[in-house]
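Please find one structure pasted underneath; my questions will follow.
Which chain is which? They are A, B and C, in the order written, and residues in each are numbered from 1.
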């Protein structure tokens, strides 16, 4: 059975009628160079393999800008046909309110349960045993990206872990470079904080605080050293004044900064700039200290629309997104990992291979999106934004962090 | 968003400038006067100058030079790119798509909001009924409530009447939020018109609509001009309602502008951003430069009279 | 006049009442209803969707213990007071200058007024660019030879709000000036003659005679400026997006971020209710005096 007949049969299960060509409006916030290249792979595949048209509804900014727009449209009764959302707790209430299309039947027809690896990705699409979203990629945030050019300029070796990086920082500064590139936005600073936590406090304490919301551990010594490390990192990023994450990545690409802590999506930017892993840049998952990655990622949701033709096309798109060809093309462009364990990713570069190895060896953690509510995340991001941009002491920041964790739900 | 609410104040009549007779020679007073004005003009013109100059430079020149130096090599490429090539996601058609949408949103919004507000103002000025002032007071207080407070209830309201996401939903929102200020403007204007006109028409047996169309409307050109300028600029410049209550197919130009400015692919292209900004501002700017004098006269008639 | 305009019968004014239906609906349903709805749900624990699950004053307690909210309030206070005072003084001074029978009055007036035609988003972007430390004012002054010159409000948490103030003033002074100018033109020529006869100095005339006479115009301008201040949002988003850190956050942005980004509607509604309460406290007495009273001239 080829893909198209599979899709058609999946659609036929639901509505039992022939499928007319429709336009599907798809919203997302993938607007950087690498992201736009990845999303056009999806659009291309959709146009080529089905009769329908992909109407692109990109919203620039970040998830923070796009989500209000997406959610108010769904609530307002004029939803898009499909939309990117980080899975996890963000969409629980929308599903509970019955605003999302149930994908269980095509998921069963496509055997998603056996395909999706790690299975936690599908679990966070599942509510009361029904499946409501298609995971499209795995993103992990715990990466340190290093510019070979910058370290060559400074005359030191490219570091192998975070400690070496900190030790090399003075040489970079002496050469007039910024040691750590950091976009001045709370979510980016929060990623750096989370990554340093896993590296310094260790996985156990991280899990205790983030998943179990244990405020005592958050107030303890291991987190104390985390906040001190962040305060040190803050000094390394003093002269990094850009806002957007990809502008910070650009500082690494052009050798103006030594490194950046950013998720694996930064990979796409290196690729667009024509750089080669291990030759122009290096990547250290888990900061080279703890070989674990979280497995957040993007997923597509399909708001309910009262039109059998659109409904059928929605299901076609859902099945297409998880198909092997699309998974390979999309994830290679985006620099993220595929959600299926059964496909050949040998064309991936050495950074992605590292990620795949960690994934295969089971060094995976749930992502923040799955453990913390958007409310808690926003508060932590506000705290991090303030901490990184001011002279707030590590002790004070930790005390406030403990308060947030204590109130988290 | 333009917040204008010219409110009632003392009486005024346009009779030209006041003060001492101008002296023709170059006195110390004149040097001080024109010197100050020139200095202030620099502050006001600087951003426009910088925007224009930056939009005409290539990226290498921007990175090297300072923002105030005129372009060494004039290029219109940023303008072309901003209008028709800049990308958001996989759509690479720049601002051009938003222009038509903005026009389609603008015309009905301006027409509807001014029509309703002028009738409101007329009723409030000449046909007051029990409770009319209470509604008006609520309306005026409404003008000061942050829009954010209203976003959510309006999503629900639009959903209930089935206009969410359509151009007409947005037209309705603009009409509602333009109403307080425009109503106030028209009310003040109609109140200042001679009482006798209205009385004479009543004696002749003219009714509510008769007086409105035959007497009030023909006499209220200045205030219509002010209302139109305020609404055109306010609605054209709106971002918040445009982004929340529409969808990509109907996004106005300001939303496209935001998309272009925030879609950074590789490096930030300041020249394209500035060209896009200027293109988006062109309509209200032209209106102001063309009708500045009328606007000032109208403000005097609508805002200060009362 | 009132007898002619205020027919007593219920039906004599039928057309006027019918014509006022849009206004009545807007006032009652949107402004009053929407506000009441928001206040009601601010006492619930609504997250992504509005839900009737009462939590008492919890949302307000959290709001007032939030660092970001306090910074937002403080920023709005600084911005508000500065922009109120400076816009009034500058607007009046400019109007007075233009009122001195100068040449090119139209040109100057257009130059000062045109920024008002631009949106806050545009204003924010333009000033962000001018205040950019690597290309803008700071770089230019340094290039002139003043190497130690430092003016970098976009990256300095202590002065960032003044960077926004500069942009906000640029956009808004023009309108205030036009209103002031209209007020000045309404001053009777005889007043000027009288002060000249009495030999009162120019500045003294303005401060002691003209300004008191223009009280209503000042009230108008005051209300216009303050209504803009509390809504401050677009400008901040475009110019700094609240940064660096959270040092240029404002209340309206707190509302939006908590409603949509944090998906905590209850918290956002509590914050917007607080904004509304402050508006009502300031406005109701004024609105009552201005429009609620029986007398008009």
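Going forward, a residue touches a chain if its C-beta (ideal position, glycine included) is under 8 Å from a C-beta of that chain, and two chains touch if they have at least 3 such contacts.
Everything numeric here is computed off the predicted structure, so don't read it as measured data.
The chains touching chain B as well as chain C are A. For the pairs A-C and A-B, the larger set of C-beta contacts lies at A-B. The centroid of the Cα atoms in chain B and the matching centroid in chain C are 15 Å apart. Each chain gets a centre from the mean of its Cα atoms; for chain A and chain B, those two points are 40 Å apart. The set of chain C residues that touch two or more partner chains comprises 256, 259. Chain contacts: chain A has residues 68, 72, 75 touching two or more partner chains. Counting partners per residue, chain B has 151-152, 258, 261 as the residues that reach two or more other chains.
If you check the complex, the residues on chain C that touch chain B are 1, 4-6, 13, 15-17, 19-20, 22-24, 26-35, 37-38, 50, 94, 97-103, 105-106, 108-123, 125-127, 129-130, 132, 135-136, 139-140, 143, 170, 174-175, 178-179, 181-187, 189, 192, 202, 213-217, 219-220, 223-224, 226-228, 230-231, 233-234, 251-252, 255-256, 259, 265, 268-269, 272-273, 275-276, 279-280, 283-284, 287-288, 290-292, 296.
Taken together, the chain C residues at the contact with chain A in this complex read 47-49, 62, 67-68, 133, 155, 157, 241-247, 256-264, 267.
If you check the complex, the residues on chain A that touch chain C are 64, 67-68, 71-72, 75, 90, 92-94, 97, 184-186, 241, 243, 373-375, 377-379, 382-383, 385-390, 400, 407.
Against chain A, the residues of chain B that register as touching in their complex are 87-91, 151-152, 155-156, 158-159, 162, 164-166, 243-245, 247-249, 258-268.
Residues of chain A touching chain B in their complex: 25, 27-28, 30-33, 36, 39-40, 43, 55-61, 65, 68-69, 72-73, 75-78, 80, 244, 246-247, 250, 269, 272-273.
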